[in-house]
């Protein structure tokens, strides 16, 4: 079965991104597919490579980047939500005249259409948020 | 699901302005309208506050997005279900809500109201009749 | 000695207003802001909670947040007074401490 | 046709569990996760809300979230079943749709 | 306020792990302990859940910060007020909470419990007796 | 009178940073002083210069930078909360081996001691959060 997953809250602040990660891991272990995870609202903040969590805590961004690489998951950060919150890739930074970007490995910035498409193409849509 | 058309329900349970969920839900609805799916919006609990008329955000410096609801008809989004019990608990009636209209192409483009007040039991039935539920 | 309490959550969704009222002392003030302003309207399912305490506690509501949500001041509960940001600042200055019910 | 509902908020703070229960249909399942797991314990002020519906609706609770909060499964309400993440995935697959009560 | 010492109250009303407020409140308390102010902690509503014993976060992969409460005595933070009504509504008793002790330097370093169960009315009095209230 | 202000939620996501801004403006207009605003929890996200809000909406970061400059307000972003969430200044980026920083003009990163100090040195502490 194909699961689509939405993460709606930022890392560390809310458990949503942890629960989503644990769900995705378990789904893959059970033989299901997770073609895409869509990061919306404050969830876009999961996709910055600039976080420095305490050494005795988990690294949420790196966990997502790793599982995405291993299992070919498309990690999509919503462009509209990301602009409001200061998450940019190199192209967006250039386009907006910003002197830095902060997107993490394995994440890409794209439109809300990717969320709708995920809802159409997967068998179940799971939302994790506040 | 017939002909690849899925039933999408956008569930709105939060008040506007205090948090961004209502505004960003509306942004999904507008984009989603391009995908030719069977779209409904549900407003219950504090979500019914999103539709009240007379919102004026000048004093808080935040963007007033309530007029956007009136544009939904142009995007063929015309099923806005509002829960009666949620309105009543909040001291609201249908008259407190914006008038949101659409033109029915199957009825000689007659203007019709997009807002449909339904009971809690009918809201439960509506939720149960969906393929994809997006919660905000 | 008195406290200015601020409540910023809808009383229909969370227990914040109730908890605030349960811990406020006579002579304190409660100011409803942001989504908390819904607690100031008459004719709702939670209005009696506020109405019962109005008098012992002074209730205020932030007018710009009310207007944003389309609530006319004519709909306010008796005993709830609308203030602007300048009024908010004045309340904070007049009371001995501020407590936010986040 | 049935729905898996997820509730992730404490029932002592917000109305989410109550609203979910009020909209769930017979044969649906409600899974309590994150701070929602507090709704699964016996002997609390909200336990009766769950107990009354257990049967018509099947209640589950996410065990890793329970353990994080120090709630032993021996304290669960009758009729509430603890599942791990694999169980969460299985519930999502078994039901026709998932609805998150955010 | 005497001798420049202010009374600081940290109010904890949220459950642990679902959100970060409880953990980041504790981080403020630890830093604040260096400032020689008169510090109290209040636990009410879902905040009482922060102090339960037996928390094991291995299954969710989140850091378990509950042992840190037991270190507060070493920082001279030893007034942890817990509201009885909040415990009762949640089906909890004092036995469900961690044992948190401190050594009383004014009483020959005798070990004493830091947690004090108080009534809602006493909690209101405590809040009313502060200079600075930090809410989490 | 001196007001200390704490902002505990991120920009756009929650009204807290708007309410705090409007409060600070009104306090200054009434003749009070606001020596410092402390950004904690997701409030640290107010201090990124990479946000690109829609053109018909307010720019929360720029509003804070402007009022701080005009009235000499010390905008402090908590270092511990900022590291978890990926808000860095040039020094922190260097120290943590990160290839970019994102702090906005007028904001500085410092420790939680600045929050306690603000509580001690001001007459009223106002918290704005979720």
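Per-chain numbering from 1; labels A, B, C, D, E and F assigned in written order.
In this section, a residue touches a chain if its C-beta (ideal position, glycine included) is under 8 Å from a C-beta of that chain, and two chains touch if they have at least 3 such contacts.
Please read all numbers here as calculations on a predicted model, not as lab measurements.
Within the contact network of the assembly, the step distance from chain D to chain F comes to 2. Using mean Cα coordinates as chain centres, the one most removed from chain C is A.
Taking the mean of the C-alpha atoms as each chain's centre, chain A and chain B sit 27 Å apart. If each chain is reduced to the centroid of its CA atoms, chain A and chain C end up 38 Å from each other. Chain C and chain F have centres, each the mean of its CA atoms, that are 26 Å apart. Inter-chain spacing, taken between the CA centroids of chain B and chain E, is 43 Å. Counting partners per residue, chain F has 12-13, 15, 19, 22, 41, 54, 80, 125, 127, 129-130 as the residues that reach two or more other chains.
The set of chain B residues that touch two or more partner chains comprises 17-21, 45, 60, 62, 132-133, 135.
Counting only residues that touch two or more partner chains, chain D has 8, 12-13, 15, 34-35, 64-65, 84, 97-98, 100, 102.
Chains touching one another form the pairs A-B, A-D, A-E, A-F, B-C, B-D, B-F, C-D, C-E, C-F, D-E, E-F. Looking at the complex, you find that chain D touches chain C at residues 12-15.
Interface residues of chain C facing chain F in the complex, by the touch rule stated above, are 8, 33-35, 64-65, 84-86, 88-90, 92-93, 97-98, 100, 102.
For chain B in complex with chain A, the residues that touch the partner chain are 4, 6, 8, 20-21, 24, 27-28, 31-32, 34-35, 37, 132-135. Chain D makes touch with chain B in their complex at residues 1, 3, 15, 19, 22-25, 28, 97-102. For chain D in complex with chain E, the residues that touch the partner chain are 8-10, 12-13, 34-35, 38, 41-45, 47, 63-65, 67-72, 75, 84.
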